[in-house]
Amino acid sequence: MTHGLISDELIAERNARARAALDEDYAALGKQLDRADIAIDSITQSISSFSVAVPTWGAGRGGTRFAKFPIPGEPTTIHEKLEDCGVINQLCRMTPRVSPHFPWDKVADYQALREEAAAVGLGFDAINSNTFQDQPGQSQSYASGSLSSTSDAVRQQAVEHNIECIDIGRQLGASDLTVWVGDGSNFPGQQDLTRSFDRYLEAVGLIYAALPGDWRLLIEHKMFEPAFYSSVISDWGSSILAAQELGPKAQCLVDLGHHAPNVNIEQIVARLNRFGKLGGFHFNDSKYGDDDLDSGSINPHQLFLIFNELVEAERNSGSSFRPSYMIDQSHNVTDPIESMMMSADCIAASYAKALLVDRAALHDAQERNDAMAAFQALRRAYNIDVTPIVAKARAEAGGAIDMIATYRDSGWRQRKAQERQRVGLGAGIV
Amino acid sequence: MTHGLISDELIAERNARARAALDEDYAALGKQLDRADIAIDSITQSISSFSVAVPTWGAGRGGTRFAKFPIPGEPTTIHEKLEDCGVINQLCRMTPRVSPHFPWDKVADYQALREEAAAVGLGFDAINSNTFQDQPGQSQSYASGSLSSTSDAVRQQAVEHNIECIDIGRQLGASDLTVWVGDGSNFPGQQDLTRSFDRYLEAVGLIYAALPGDWRLLIEHKMFEPAFYSSVISDWGSSILAAQELGPKAQCLVDLGHHAPNVNIEQIVARLNRFGKLGGFHFNDSKYGDDDLDSGSINPHQLFLIFNELVEAERNSGSSFRPSYMIDQSHNVTDPIESMMMSADCIAASYAKALLVDRAALHDAQERNDAMAAFQALRRAYNIDVTPIVAKARAEAGGAIDMIATYRDSGWRQRKAQERQRVGLGAGIV
Amino acid sequence: MTHGLISDELIAERNARARAALDEDYAALGKQLDRADIAIDSITQSISSFSVAVPTWGAGRGGTRFAKFPIPGEPTTIHEKLEDCGVINQLCRMTPRVSPHFPWDKVADYQALREEAAAVGLGFDAINSNTFQDQPGQSQSYASGSLSSTSDAVRQQAVEHNIECIDIGRQLGASDLTVWVGDGSNFPGQQDLTRSFDRYLEAVGLIYAALPGDWRLLIEHKMFEPAFYSSVISDWGSSILAAQELGPKAQCLVDLGHHAPNVNIEQIVARLNRFGKLGGFHFNDSKYGDDDLDSGSINPHQLFLIFNELVEAERNSGSSFRPSYMIDQSHNVTDPIESMMMSADCIAASYAKALLVDRAALHDAQERNDAMAAFQALRRAYNIDVTPIVAKARAEAGGAIDMIATYRDSGWRQRKAQERQRVGLGAGIV
Amino acid sequence: MTHGLISDELIAERNARARAALDEDYAALGKQLDRADIAIDSITQSISSFSVAVPTWGAGRGGTRFAKFPIPGEPTTIHEKLEDCGVINQLCRMTPRVSPHFPWDKVADYQALREEAAAVGLGFDAINSNTFQDQPGQSQSYASGSLSSTSDAVRQQAVEHNIECIDIGRQLGASDLTVWVGDGSNFPGQQDLTRSFDRYLEAVGLIYAALPGDWRLLIEHKMFEPAFYSSVISDWGSSILAAQELGPKAQCLVDLGHHAPNVNIEQIVARLNRFGKLGGFHFNDSKYGDDDLDSGSINPHQLFLIFNELVEAERNSGSSFRPSYMIDQSHNVTDPIESMMMSADCIAASYAKALLVDRAALHDAQERNDAMAAFQALRRAYNIDVTPIVAKARAEAGGAIDMIATYRDSGWRQRKAQERQRVGLGAGIV
């Protein structure tokens, strides 16, 4: 299934070396969980069923407006990106879908692309449209906005691009369209805050109308950047009101880095789910703004608390609960393959910890207003080192126990550095 | 009408001294505005019609959890507070209503209280309920929440208190009930984020059901404090969703200090109005958290931008637009009478500046995406010194041109320091 | 040694029930660490040597300016507080010193107080002065500041109070004086930002001059509250410049909740240590402002990263490295004894994790700019569940393996609720 | 002097149309100020003497990591940029110096460049070095830092580049070197927070040693971006400690957008000046992060408060007070010429308002702790519309009364759109 990627023998060989330690740790943890009446294998099973998509653009080095520092062997085409995403999934066994971005990933034959992906073990996840950049040859500019533009022609172009994305997505087997617009303003007064929102609603309504019956339209809000005074869809409030206006197929997507400082994101997750509008996540981490750092690298406890809400939501919502999960990071200082493997690992570990919470004890303490007991119910689960569970799930599916070591051993990047065209310097914009 | 307050002769005498300069400045500004085809008297007329309520509790010195430093002559009863609020309105002529708080302002005879207020020129504005503190003799404690409590008895007590507030309000001639709850949690896990919101909705629904036909229920959100991990109604998103669930008489109240850092509050105002839920304001200013500083003292430009949205909203919404305006500040280092007079002045000045915006030019520039021209349309108005307009409106209504000087001349506080009981030391809580 | 507190038999009995599980987990972790060439007992030994002080005022319920909700059995005198702190240390064996606050903890005979503390196993840590509140009978008011006041008499009173604190501290066996002032302003212009700092420097210099040779003066900075526009010692920059002006006995104290949003506190720790001015910590956690939540309850990863810097600093600085550690929290919704035990546990666990970092691997990766390897060196240690290590250290010293369960079993609070005087309602200030 | 720029006749003609209104407003303001014993002409004189530099790179459109939207006629060479900066100064008469950036502005003959600048009325201000991007052909990469890099060769290259900048600066007549590094990390552990600072200190010390006797080295701190976990010089504390280590020629530069949320920047200005280290400013405005918006567009009151500190500092420091002032903005949605003219105008207006403060009244109120009177001393000055003063100073120097209208009338940009090479699409990095 994963032809031409990393040799399965190498994985097996590295795993053989790591197996004894893993088994020992897994057994010890199993005994510990047994004492709490938790069957470790059931948790491992849940982790085995868990997956998160990776974005094609995340396979390349990211950067800032100041600079981008490419690495040798970095992929520059959708074909090379699929290959690298194949390696990620081959080693972590948790990222079987890629999320493409158009026009960046445009090809002539999408059926062929779908087969190419399948050949490296991948399917396609949510389609991402792009109306925040101008493309060569484009007739209208997004300089003053896209779906909320004052220009009919600009809005029409943006709508048509999104509808084209749906069409491509159908060919690729996707069923979600993620709409993020950078529309907004840099000066007080630059835009009419209400009329621009109304124009957005009207335009996104046209996209919604073109959505196949089993598709979702995911609205992604963002507080700021590229707009630095106001953004049309700046917060979850604007997002959910727009989603309500559109209808049941419209839902809200939460990017962890798109919020105001100090905001309680797990409560936003709970609220969106309470109103039936929790559509999905872009996982990453941040300390300052939309830093797009590796998931859980800055605040792993927050990630756990979000999964705690997701586990609650899953229990309360039943089969209707199927949020779309994607990693969305900018890998400015690491090898993107390493970052995405370890991020998937961290996300899965957060889910595993949330599954380990003694919910009966938690709910009981909540009812009794025993704040300490309720908190400790969460904290006990958070403290548990679930590394063996996630590694076990991975290894059983054919992945690598020690992903970084195995990947580095494989010499993948060095080999690609020989084969692939060199990326030019990213000199930055300002 | 304002018996026993500051002598009208003193006001007249001080005004006589200040009149010539005011007339000169007013005339000069009038000529400047004439060149822009604005009749200064029409703006002055709008300011004359403008009013903002003051809270009874604002008449006393405020403090922090660390300390409160009382001043001699500070009011300690609702009767003394009404007197001080009467002085505020006598001098600024813009605060003809007070907003009471229960149980703080409880009396035996509300009809008498209404007459007492009328005697110093005041009526009653929105009623504020209090379920964030325990009162002596209260059967249930709000230690673990009020409207969202897990205890049926606690929720019932909180609902009944609010319904009693409505009843008192009817006697006082009010028609708004402002509901702010401090409910929330200090620990992850302490409360179920969804169930607590559901309990809140159910309880506030009972209050809503008891609302007279011409009343509004104003929901006030707050990001944090007294709860430091999660708050049930923490942001405008939670607030508007609750208001939508309740029905048309429920609206959202914006306190300027209750938001996350960096948030664009004027856009929140625009969104709430767009969805018919802009119920009112608690005016104050802040640099860090809910600092409750004097309105416009930290960021007067933001206050102007909010009024710019309010003027837009008024034009678009017509007669249905009638948000409730109140000053809500904590006067920790000033004489509260001085702070509230100057705050009313600053709020009115922000409104005057917003009225001076060339809206045709603004909208035209917005349509053309001429960011600089649009911004300058706002900035030109903001730069104008509207002091003479607000002072003129005040003086014509019988108020003081120079409010601080007149107030200090009157010796009001020193006189009250002789008459009133001394406030005890506020030693703070931590 | 801990007469009259919780019965040692109860602790032993509860421990007997928990011992087998602890031994099993400890052994399993020992085997895991062995594989990384770490002797678990050496880590346990370091934890056994670790201690953190608790503040006397933390033994009572805290609150906000809105309300305080007391609990039955809450201590109200220094004698009762010492008793409760004795229980904390009896169960956690990690908090053998209390940090008193004057005038709150004033008594007639400090030698007797010292013996009283010793009788429950406690000594005295840093003395905290208080010039942010007015006390009954005080001749000067701190309403307009203390050490930075424009009034000579006020500054003199504040200096004398601090010198009295030193004198009391000598009698109690302390050797640190922590100086936090709430001095600052609520309005632009209210204070001259430079002259107020100069007055502070002059006044604190007089305190410094009165310091015994082996004492330290710890300067505590805070961004805001009670002052909401400017604070005289608002950040680590002002703090270290003041400490440099004073001399070698002056150092900086870091309270984790006193910083601007998003700030990298661990880097501040590194900078202060780099310049020889890292004096100590007030441990707590926060999400919004100076929330004074339980240590590690919101962001345990940040606490780990701070201890990572402390371990680095200790290695680099040798015996001169002896920062003062104290818990400083406001226990608004929990039993303070439970919160402080669990906070000490979380702080010690963070230290244990920092000790588990493979520093050779970390430094090697840093030198090679291998960001992923460096990060994973930290993350591997952070992921380890060190609960057995801290519990083992505690149990070996006579403490309780399961502190909460043991404490609740003891019925301490219910017993005290019978014996102690009831606390009045804390109605809040605003 | 300003050959080939905008025709002086056009300026004169437009001014003739605007003169009467200006004279009327100026006279009215003069009368108002007379009443406060302020001679308007003395303020106008101070504004005439005021200047602020503009950065060469600011003459082009800026952008974000997502996109850049060029405009027709945008300058792409240092020669075209000088021309545009000449126009700015021709119209506003307040920006007689440009601040170049290397290697962006490299030419073969700097003497010729100096003459070219002089021909359009310009001199050179602080030199900006660039070690945050890699240049084609550069031997070492700044991917892992520059002055703080772990690599000797990288640090040496960065030092040599800065020394080359000094050499170029001498030829251009400059006497300040501004050093901003993007050095930092994206992951906890990635860099040793202390060792990286030590390496920075050592490297910048080599640059300092190469500084001519009458030069200053300006250290610019920045909280985040491009590094998203830690930055080597992240705050004013790190900046001033580094400047102190270096010596008297090293000073600190304050960029208004480089601080944590909510921070009191005017107090930082006061502190830096108190310790003799206030080197200069990069003026801009921001709402979220380093937004680089037009000066005073978001928070004009903060800009006024900063100038209030600068006026205080000037009075206290005498002739030693000579901070370097520069506009540093990213013009993403406006014509850069318009933005820089209006920014200079807003900066000068803030200075004018600060000069209008009644300092005797302010200081007296501060001494008496009369917070309201002190605040009103500032607020009265802030409220004054100083537009006529700044316009008068400009017009008397030959600039345009209405800068935007005159500039647009001139057709400068349209003409340049014919002459200049088109800028390529800035497609952004992520």
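When the chains are written out, they are named A, B, C and D in that same order, and each has its own residue count from 1.
By our rule, a contact is a pair of C-beta atoms (placed from the backbone, for glycine too) under 8 Å apart; a residue touches a chain by one contact, two chains touch by 3 or more.
Everything quoted here is computed from the prediction, not taken from an experiment.
**Q** Going only through chains that touch each other, how many steps at minimum separate chain B from chain D?
**A** Shortest path length, in steps: 1.
**Q** Would you identify the chain whose Cα-based centre sits farthest away from the centre of chain C?
**A** Chain centre farthest from chain C's centre: D.
**Q** What whole-Å value do you get for the distance between chain B and chain C if each is reduced to the mean of its CA atoms?
**A** Computed value for the inter-centroid distance: 39 Å.
**Q** When the centre of a chain is set as the mean of its C-alpha atoms, what distance in Å lies between chain A and chain B?
**A** Distance between chain centres, rounded to whole Å: 43 Å.
**Q** Which residues belonging to chain A are in contact with no fewer than two other chains?
**A** Only 143-144, 185-188, 190, 223-224, 229, 261-262, 264, 287-288, 294, 297-298, 301, 333-334, 371-372, 375, 379 qualify.
**Q** So in the complex, which bits of chain A are touching chain C?
**A** 21, 24-25, 28-29, 31-32, 35, 261-262, 264, 287-288, 294, 297-302, 333-335, 338-339, 342, 349, 371-373, 375-376, 379, 382-385, 387, 404
**Q** Applying the document's contact rule, which stretches of chain C touch chain D when the two form their complex?
**A** 143-145, 150, 185-195, 197-198, 223-224, 229-230, 234-238, 240-241, 259-264, 266-268, 270-271, 273-275, 301, 305, 308-309, 312, 316, 362-363, 365-369, 371-372, 374-375, 377-379
**Q** For the complex, which residues does chain C have touching chain B?
**A** Those in contact with chain B are residues 57, 62-69, 132-136, 141-144, 182, 185-188, 190, 223-226, 228-229, 261, 286-289, 291-294, 297-298, 330, 332-334, 425-430.
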